[in-house]
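In the two complexes that follow, chain A is the common piece, with chain B as its partner first and chain C second.
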Partner chain A sequence: MASYLAKRLGASILTAFLASILVFMLVRLVPGDVVAQMMGQAGGAEAEASLRAFFGLDQPIYMQYLIWIGNVLQGDLGTSWARGLPVSDMVGKAFMVTLEIGIVTLVVATLVGVPLGVIAAIYEGRPLDTIIQGFNLLGLAAPVFWVGLMLLVGVSSALSWSPPLRFVPPTRSLADNIAILVLPVASLALLQAAAYSQFVRQNVVSAMHQEYVRTAIAKGVPVRLIFFKHILRNVLVPIVTFMGLILIQILGGVVIIESLFALPGLGRLLLNAIETRDYPVVQGALLLVVVAAMVVNLVVDLAYRLIDPRLRTA
Partner chain B sequence: MTRHSLKRAFVGALLCGVAAITAPGAFAEDLYGPIPANPTMGGALNMGLLVEPPGLDPFHQAADARIRVTVLMYQGLFYEGGNGEAIPLLAESFEVSEDGLEYTIKLRDGVVFHNGEAMDAEDVAYSYNYIRDPENGSPGAGDFSVIENVEVVDPLTVKFILSAPNASLPMTLGNKYGAVVPAGYFDDPSAKNRMNAESVGTGPFKLVEFNPNSNLLLERNEDYWEEGVPYLDEIDFAFLPNSASMLVALRNNRIDLVKLERPQDVQQVESVEGLEVERWPSLNQKPIDLGAELAPLDDVRVRQAIALAVDKEEIKNASVGDYGEVITTMPAGMADAWGVPTDELSFMSRDVEKAKALLAEAGHPDGFDLTLTTINGYDWMDPAAVTLKEQLAEIGINLNIQRVDLGVWIDNFRGKTMGFTFNDWASQPDPHLLFYRHFHKQPEGADFRNWNNDEASALLDAGRAESDPQKRKEIYADFQKVLAETVPTIMLFSADHVTVKNGKVQNFSQHPTGWYYGLARTYVGE
Partner chain C sequence: MKAMTMTRNGRPSTLARIAREPGLVLGTILIVFLALVALFPGLFASQSPNAISVPDALQPPSAAHWFGTDDVGRDLYARVVYGARVTLSICAGSLLLSALMGGLLGLISGFFGGWVDQVLGRLIDVMLSFPPIILGVIITGVLGPATHNLILALSIVYLPVFFRIARAGAMSETGQTYVEAARSIGLSEGAILRRHVTRNVTPLILTQYMILFPLILQIQAALGFLGLGVQPPTPDWGAILEGGKDYILFAPWMSIFPGAAVLVTALALMLVGRGLQRRIDRR
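== the complex of A and B ==
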């Protein structure tokens, strides 16, 4: 286990390093830099050159990279060019918002999607199954931004209520935090719950048709015991994998939802930073996303090993 | 809906002017907007902003979204009067030398910075000497390049020394770029960044906090130099990334006031009880720019043919419906003061036959392919592009529409390779500031469209030097005739500023620049 972990960590660090180079180059490939953005339709060449030197953009790209990565390794992500705030503060704050949305959505989607999938599988081919599958289809087909927009506009006209505009962390006021998050989480969770339910249903249905299940039934093992001890345990491995995928998918969907509901999360921060060509923020935020995705994958891998003893020796 | 006209604002200003003579000490002009009769003191206003300011530094950030809010915190020597007159702000009065090369400016006494220090001539000289030096990297440096030096005469007097006469100097010393900040402010290398954390201006409001992707909070400046203003204790600007959430927030009173980016959104709120829609004249313009570096736009006959094929009214209707005004060679907000009657300008009315003839004469009897660049996020450009495509098809020009990111577009623009493109811009209400940098030949101007027109450049030089208002008007009229005749740009329309507010908001007025000066005169009632 320890050597496996060491191998995985080593590979992750290398990936992160390569990703950092890629991210650094990619943001610089986008035409127009922060200075052009600050100058707009005004300004002269001399003023432009002076600002470029101020931001270090007059140096060769490899030098810019070495300076940046050197600082990153010392824990300094730099200062935002547009906002003048430390990147680590901006990215950290935004990440907490996104993480909260992601985790709450994951919990809601799991609590709704898994039971729905199990119920649909148990009632396979009967009306309840059809209804649940109908919900799944709807959830999978409706784009996140559309669901979000409909919820926002629908709830606002039906109840004359809309979420507060300024984000409040749960540590300051749980009630306000819930009021802010209920619509965005609902929009994101619908899709994920549908995806979950569909996935769980298929896995449970195919497990139910396995020979060992038939044998157990023939032996007279109570159905409840078969279900919880055998079927669910077998289905759990793919579900955990799926959970990891879904968490990463949620983080993607969050970008749209944050912009729709005006939430100060990582997605919106990144979008704004790209628009203003605020390279330090783009680099810092993307680096964090890469690291977060790797951590999620690592945790999923480790979780397998706990659930499925066969993988432990591998 | 209320539609405010600029003419009425003039009358208001004149009436105030009369009152000022009988009541010394009152403010003569409509500085920041009309003074209300019985304002309520205190309270907070929530305003929604669809475009988040990229930063709050008035010296190094040119974005209009920055200027809109920083005018409340920072002040220059003059205020951009709606009718095109520069009204003393931190200045009290000024005198110009015979040769027009020296402006001696008396400063207002008793002005205090947000940090508690008193403002004097040292600060003024420092601030303008800083911004005019291109080494310091201000996008506004070009506007101030005519200033050779700013000298301190006494603690309340400064002298601006110019390299050439410039009648627009007072307007240049307004609030678009730079401001008066304490002397030596930028000596500290982190000063630029600090402007996003605390304000150091002299304006009616102070910065409390600026949270990326969230909000900008301002509070009343208790030491503000004008007596009794501002009325609001707090202004909280919420950044709303899209129209839908803005409209929802407006309907549910999460925000009290907003300026729409797309006038068409009015339809969503028009019928909502308790919301009032107001329209204000603007200085913005939405033109088609024709970069002569892109063949065959280098042939003036081709540009003239395009001008003749364009139906501005139809494009305006497709883009903003009734919420705008078709223009000729001046933005709507300046047309009364500086415009030329349409019948004195060439190529202003549609004539497809004549356009075809011009194209044939230029060697394109069967037309040609042309790419129009539009910018992502500028909603009016999409319907306008489709409409223009149909209009140009009538003279055989096949228009390909290319949508680019703003960063890409700015790069092309600044690199003078804009080609055939829609543009969206505004300036202070002064013809020199409007035209010079955009249209004067290099190196004095930037000549973004590669127009390279000697006659126009000579007129722009003459207009800059002339101080007599009537003669200035004639010079700029001649310039507009050249502009219409040789078509480096086709100004299509000015979109109105459209604001929506709930019943709580009193006495808000929208300045034609689109900047939020009016908040310094706004109060909240029941």
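== the complex of A and C ==
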């Protein structure tokens, strides 16, 4: 287990390191840096050169990278070029918003999706199964942001209510925070619940057709017991793995939802930073996304090794 | 199986097979219809998608304008119909590029193994460390919103998936006896890869293409919605949705119909993709 962990961790760190190079290069690929944007039409060559030196853009690109990554390893993500604030603070604050949306969405999607999938599997081939599968298909096919728009229209015309426009953290007012998050979470959770339900249905159905289940039925084990002791236990491993996948998907989907509902999360920060060519913020935000996705994958991997003893020796 | 639905050779008749896969049939019919709309939009919409008529701005759906009009009075039905060509051709083309590049790299990686596989595998891992939509947002955001950048971004997003499928396929084919046989009769590695391995991996790639199509469509629409995709005035479903965003509470029809077009298309593609997947699994 320990050697496996070390190997996994090593591979993840290498990938994160390569990803950091990719991120760094990507934002510098295009002409038109922050200096060009600041100067606009006006300004002489001298002023431009001194601004470049100020931002460190006069250095060769590998030096820029080494300086940046050196600071990152010491926990310093640099200073925002557009806002003059420490990137760590900006990114950290935005990440908390995204994390809250992500976790609430995951909980809602799991609470809706898993039971739906189990019910569909139990009623396999019957009308209830067809209805749930129809819901799954619709949920998977509908664009997340469009669901958000439709919910906004529906809620505002039916209840003449629309969510507040300024984000309030849960620490200040839980009620206001919930009011703001209800629609974004609902639109994200619909898709993920559908994905979850479909996945769980598939797994439970295939577990129900296993030989050991037939044996248990033949032995006269009560159905309830078969379900909880045999089927659910075997389905738990894929369900946990899928949870990680869903969390990473939410991390992506949140970008659009944040911009639609004006939530100050990581996605919106990233979009704004790309627009203003604020490299340190883009790099910091992207690095955080990549590391977060990696941590999720790692945790999932370890979790299912704990659940399934067969994998521990591998 | 009832005797009536069997043909003489004992195989289920075409009709019986269709009855078993209603989703696949429905999906196929919808896709054929959508393809016709994309190819011949003029047959489906008589009005111009770009004709501005300010006095008619923001009209709700009516007999004259089935889907209503937008903020400058353009007919939304015509825009959605003409948008099918723009949106679907961008998605189909980008995904094809993705399948070709990812598939080729995956075949090479899986067939030759060794350091080639190590290097390519590592690169693909790095790409996979970004959530797909975020990869799309960075590429289009950094390079600037333009159709060719959108195509580039969309073709990169799912490249790792094709890579993995092709790599796994090539690896399992490489272990087969027929490859060994081909080698022993003196066929060159290149010829084995081209003639045998590729041929067996292609159906897997095609199925994956159908499975990813609805997902790439949603990413394309999302990037359009963020203003990072096709730029106005070109009619594109994502771009129409972007234009409707600010009017969502007074003119929801500007958002309802293009979004519904994405939904129906994605649904049709998913039905077909699933049907194909089931057939492959059964083999």
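Here is the rule we go by: the second predicted complex is superposed on the first by the 305 of 314 C-alpha atoms of A that agree within 3 Å, B and C clash if a C-alpha of one lies under 4 Å from a C-alpha of the other, contacts with A are read in each partner's own complex, and residues count from 1 in each chain.
To be clear about the criterion, a residue touches a chain if its C-beta (ideal position, glycine included) is under 8 Å from a C-beta of that chain, and two chains touch if they have at least 3 such contacts.
Just so it is clear, the model here is predicted, and its values are computed rather than measured.
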Answer with first, second, both or neither: which of chain B and chain C does A:Met294 touch in the superposed model?
second
Is A:Ser156 touching anything from chain B or chain C once the two structures are fitted on A? First, second, both or neither.
both
Scan A:Ala2 for contacts with chain B and chain C and give back first, second, both or neither.
neither
According to the stated criteria, A:Ser259 is in contact with first (chain B), second (chain C), both, or neither; which is it?
both
Is A:Leu18 in contact with chain B, with chain C, with both, or with neither (first, second, both, neither)?
second
Touch test for A:Glu275: chain B only (first), chain C only (second), both, or neither?
both
What is the contact status of A:Val27 with respect to chain B (first) and chain C (second): first, second, both, or neither?
second
What is the contact status of A:Phe54 with respect to chain B (first) and chain C (second): first, second, both, or neither?
first
Regarding the shared-chain residue A:Leu286, is it in contact with chain B (first), chain C (second), both, or neither?
second
Common interface residues of chain A - those touching chain B in one complex and chain C in the other:
30, 149, 152-153, 156, 162, 259-260, 275
List of chain C residues in touch with chain A within their complex:
122-123, 125-126, 129-134, 137-139, 141-144, 214, 218, 221-222, 225-226, 241, 245, 248-249, 252, 255-256, 259, 262-264, 266-267, 270-271
Spell out the residues on chain A that touch chain B in their complex, using ranges where they run on.
30-33, 36-44, 46-48, 50-51, 54, 79-80, 82-85, 90, 94, 149, 152-153, 156-157, 160-162, 164-167, 258-265, 268-269, 272, 275-277
Over in the complex, which chain A residues touch chain C? Could you list them?
11, 14-16, 18-19, 22, 26-27, 29-30, 137-138, 140-146, 149-150, 152-153, 156, 162, 248-249, 251-253, 255-256, 259-260, 267, 270-271, 274-275, 282, 286, 289-290, 293-294
Provide the residue numbers of chain B that touch chain A in the complex, in ascending order.
46, 52, 54-55, 60-64, 134-143, 145, 177, 190, 192-197, 210-215, 238-242, 244-245, 248-249, 251-252, 254-255, 405-411, 413-414, 425, 437-438, 446, 448
